[in-house]
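Look for subunit A in each of the two complexes below; its partner is subunit B in the first and subunit C in the second.
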Partner chain A sequence: MRGYIAIIRNSLISYLFFRAEFFFRTLGNLLQIFIVFYLWKAIYENSTSELNGLTFLQAFTYLSVSGTIFVMIGTMIDWEISLNIMHGDIVMILYLPLDLHIQTIVRAFGVFIFRVLFSGLPAILFIILVFKVPVAFGINLLFFLVSVFFSFLISANIDFAIGASAFSFESALGLKLIKDSIILFFSGAIVPIPFFPKPVQSVIMILPFQSMYYTPVNLLLNRQSMLNSLLLLCIQAGWIIFFVILGRMFYRKILVKLTISGG
Partner chain B sequence: MYAYSYAPHIKNTIVYNAFQEKNPGKQKSRHILKKFPAGLHSKIYKKSLHSIHVIVYYTIIMENNKIIEVNNLKRYFKILKRQEGLWGAVKDLFSRNYQTIKAVDDISFSVEKGEIVGFIGPNGAGKSTTIKMLTGVLKETAGTVVVDSYIPFRDRKKYVANIGVVLGQRSQLWWNIPVIESFKVLKDIYRITDAVYNRSLKLFNDLVDLKQYYHIPVRKLSLGQKTLCNIASAFLHSPKLIFLDEPTIGLDVSIKKNVRKIIRTLNKELDTTIIVTTHDVGDIENLCKRLILIDKGKIIFDGLTSHFNQTFGAYRTLRLDIEHINDGILSAMEEQVNNQFRYKERIAVKLDKNGWVKLTIDQDELPLLDVLNFATKTYRVKDVKIEEISLEDVIIRAYEGALE
Partner chain C sequence: MKTLIYYVRIYMRLAAQDIKSRMVYKVDFFFGFLGEFVINVLSFLSIVVIFQTIPQLAGWDYYELLFLYGFFHLVRMPTDIFFDKLWFLQNAVRTGDFIICYLRPLNTLFYFISGEIRLKNITALVLSVFLLIYTGNKLHISWTFLKGLCFFLMFTGSALTLLGIRIIVASTAFWVINNVFLMNFHLKLYDFSRYPISIFSKPFRFFFTYVLPFAFIAYVPVNALLKTGDVTLSWLITPLVGCGVFALACLVWTLGVRQYTGTGT
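Our next item is the complex of A and B:
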């Protein structure tokens, strides 16, 4: 445990080291919010006040908040692991007396904390205050934070499973691209879920990806009963367990096959 | 009679040994194997005889003060046979043309506590693969490895806490943050006590003044400084066993000297067992009492460095200063020497850069003194020098011989 905490700490220090990265990321996030604003303003220009049951402000809030979540929970785990395997640096990680899976997630968690504090939360405050989005400040904020954390865990574990598959494919970059596209499309991070045709919507609701973006946004913006909120969180937790098991299965099987020759 | 507090499985070993004494010949019986702990049991079940070796060896380790025990270790790689050219690369996308490479092919050896053992061999001989199996990141194809009562691959997480690994260019340190922060993380990861941590740092400060690099991020260190920090990071938790894979590659002479000093000191003061692979003759001469030479996945030599010379021929070089030497006399002399003595090959007689006549002879085949006697009788010899062949030349001979 102490070792994992130390890794989080160093991961934070390591990230703070790039001051420029820190400013540009926050700036880039704000720019994206403006892009979303003007894009959807244009879409709503020539139509009635509502599209698919969403007003402009609702659609904009939904998309800008889910865009911010995208910035917060994205990890580079798959990319890092597959690069480490290709270059053989994975052995240095295996030489630590730690679990590779937990260690990897924990490293990403350090970056996640950083992004939530310095990029995510300021952006969400910015959206709420500048665009005057009506949001209730109560228990929903707590649910939102927990839900974002769960989203991070789902995302990190999907990435770990993809990265672990690099053990057998020797590269997971192609798989990562497929995964990123699927997540972007099916999570409703680009197009709000109400905009999809009904049959597609029902497929989306079965898949895990909407629970990464749609659930936290839902918990923040829409009034939910306590029970419903908890239920949504439980569904997220279920997906976490699913992907943890999947990732560990891959990892166990594939570790045996690991081939790194040369020094 | 055995110190079985070292490993929990030892108790079972003794049960097993006792059983074997009472019932010789029944060692493959399945029901007795079920008494072993789950992990071991399944292994025994699959390849019964090999795994039984493992258990028996636990006790041998305790008895003989051994730390590494490797038996009939093999590692084969299945690799895609790539074709040449762009079209070949395209065809490879769908190819199933696999080839088996025997990286390590049936090696056995053991290492005692406190030894410094040098692993040498030409590039691609299987040294690194062996090290990776010893350190638990590669699974063996067949055979057994037992290190300090662990089976490295199976017990990796627990096992690696007891060893330190330095791989030439790779690093355990965090790239972007000051060195000391990486050390602190390692302190927490390995649960190093303050006493041990401070002792390790003090040792390095005394030897190479490591303090000056503490607050510099790793990426800003030079190769040599990085290597020193890498070695320090592998020694922090004062492991019983350290693996060094080409620790002095690309370092300047003075840092090389420091690195060797560190390794010798740790070996002497903390009784650390050290396995080092290297291509550097200086490393071998300065560090290793024992050498293991590997080529094409097989052990060609395993023994004391001082015996290494003799095994690959007790070569001596004879240098003679002869009056009025010229090319004519030289070729005549070569003729005469070869007529006079029977030797496995034609003895080459050459001039060295100082104008001395030079011949190299294997003492086991032909006593050098005979040649010297013959030369002094036949020619007017002013001065004589006899030199032992350098370790470097022996290694070159060994590699070339091994490669034939």
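Our next item is the complex of A and C:
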């Protein structure tokens, strides 16, 4: 356990080192929020109140908060693992008396904390205050944070599974790009789910991606019954378990097939 | 005086080497193509989905917006296919690899970028050409020779603007070394050229027209073609801006190269 805490600390500190990077990333996110705002304002320009059951403010909040969640929960796990495998550095990580899977997720967790505190929450406050978004204050804020954490675990485990599959695919870089755009599109983070045609909507509901974005936003904005909130969180937890198992399967394969040139 | 043919021949040699080395990772090569395809189709689909609900966006109808979208992607092609190495400039500067460009009797910018050619972007090239032809047909643009020529000039101007901005941003590596964050940041600004700039509020419009000329990457030329109808003198603004930005980029690059000292190894 102490080993894992040390890893979290390290990744936090090394992240703090890149302040300029952080500043521009935050600025970029704010610009993105403005782009979403103006684009959707133009989309709602000619409609009196609602499109597909969403008002402008709902659609905007939904998309901008989703975008912020994307920034918070995104990890570089797949990229790191595939790079480590290509360069052979993975041996150094496997030498540590810690589980590779947990170790990787824990390292990403350090970055996640940093992003939530200094990038995500300020951005969400910005959205709420500047664009006057109505938020239900109460226990749902706690549910929201838990849900974002769950989304992070889903995202991290998907990334781990993809990174681990780099063994069969030499490098996971191409796969990462595909994954990112598929997740963003099918989670409704670019276009809200109600805008999709009905058949596509039902496919989206089966996929895990909407639960990474739609669930936290929903918990933030709408006051739900306790039971309903817990149910939504349980669905997320189910997806976490699913991707953990998938990741472990690939990880087994790594240990069997791993050959490092030269060492 | 080195002729153009001389440069082209050298470029072919270097590019061939790069393609060969990429083909070694066959599966990855394939996934690069597939990834480009999926990414482009999905971002195209998001426009399609939005237009299921609304008939037009800020006075731009479906085909006009798709034309703008296709034009934007065509404009980024020269930069993304031939100048992708600019992304690795900060790496080359930090490790000292960049010093090799001083040891060749060639233009430093030319030698640096010619080691890399991004074939996977051909997917996006094909898609955007297809989209332009398809939407161009639907829009019934009445082409004349003059119009075609001027439109081509505007395209060149847009491509030069985008390339110039990319070179300037990448060149900051000569001074600040690690500029990945700046590169990533300026990518986000492209979103201001992918949509009709009229949807943004005044300060943004002013900034992205007069300060950072992102409006000239797609909006200004496409707006001229689709909305003004006849060729006017204002069509020449985009090529002029393109030449200006590119000249500035060459200047910044030269200054950077001049003050770079290597790493001493």
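Throughout what follows, the second predicted complex is superposed on the first by the 262 of 263 C-alpha atoms of A that agree within 3 Å, B and C clash if a C-alpha of one lies under 4 Å from a C-alpha of the other, contacts with A are read in each partner's own complex, and residues count from 1 in each chain.
We take it that a contact is a pair of C-beta atoms (placed from the backbone, for glycine too) under 8 Å apart; a residue touches a chain by one contact, two chains touch by 3 or more.
This structure is a prediction, so every number in the text was calculated from the model and none was measured.
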item	value
Of subunit B and subunit C, the chain that contacts the larger number of subunit A residues	C
Which of subunit B and subunit C A:I206 touches, first, second, both or neither	neither
Contacts of A:R9 with subunit B and subunit C, given as first, second, both or neither	first
Which superposed partner A:L39 touches (first subunit B, second subunit C, both, neither)	second
Touched partner set for A:M226, first subunit B, second subunit C, both or neither	neither
Residues of subunit A at both interfaces, subunit B in one complex, subunit C in the other	18
Subunit A contact footprint on subunit C (complex, rising order)	25, 27-28, 30-32, 34-36, 38-39, 42-43, 45-46, 49-50, 52-58, 176, 178, 180-182, 184-185, 188-189, 191-192, 195-196, 199-201, 204
Of subunit A, residues touching subunit B in the complex	2-3, 5-7, 9-10, 13-14, 17-18, 88-89, 91-92, 94-99, 255-256, 258-263
Subunit A partner contacts - residues on subunit B that touch it in the complex	77, 79, 103, 124, 128-129, 132, 135-139, 156-161, 163, 165, 167-172, 174-177, 181-182, 184-185, 187-191, 217, 245-246, 277
Complex contacts: residues of subunit A adjacent to subunit C	18, 20-21, 23-25, 27-28, 31-32, 34-35, 38-39, 41-43, 45-47, 51-52, 168-171, 173-175, 177-178, 181-182, 184-185, 190-191, 195-197
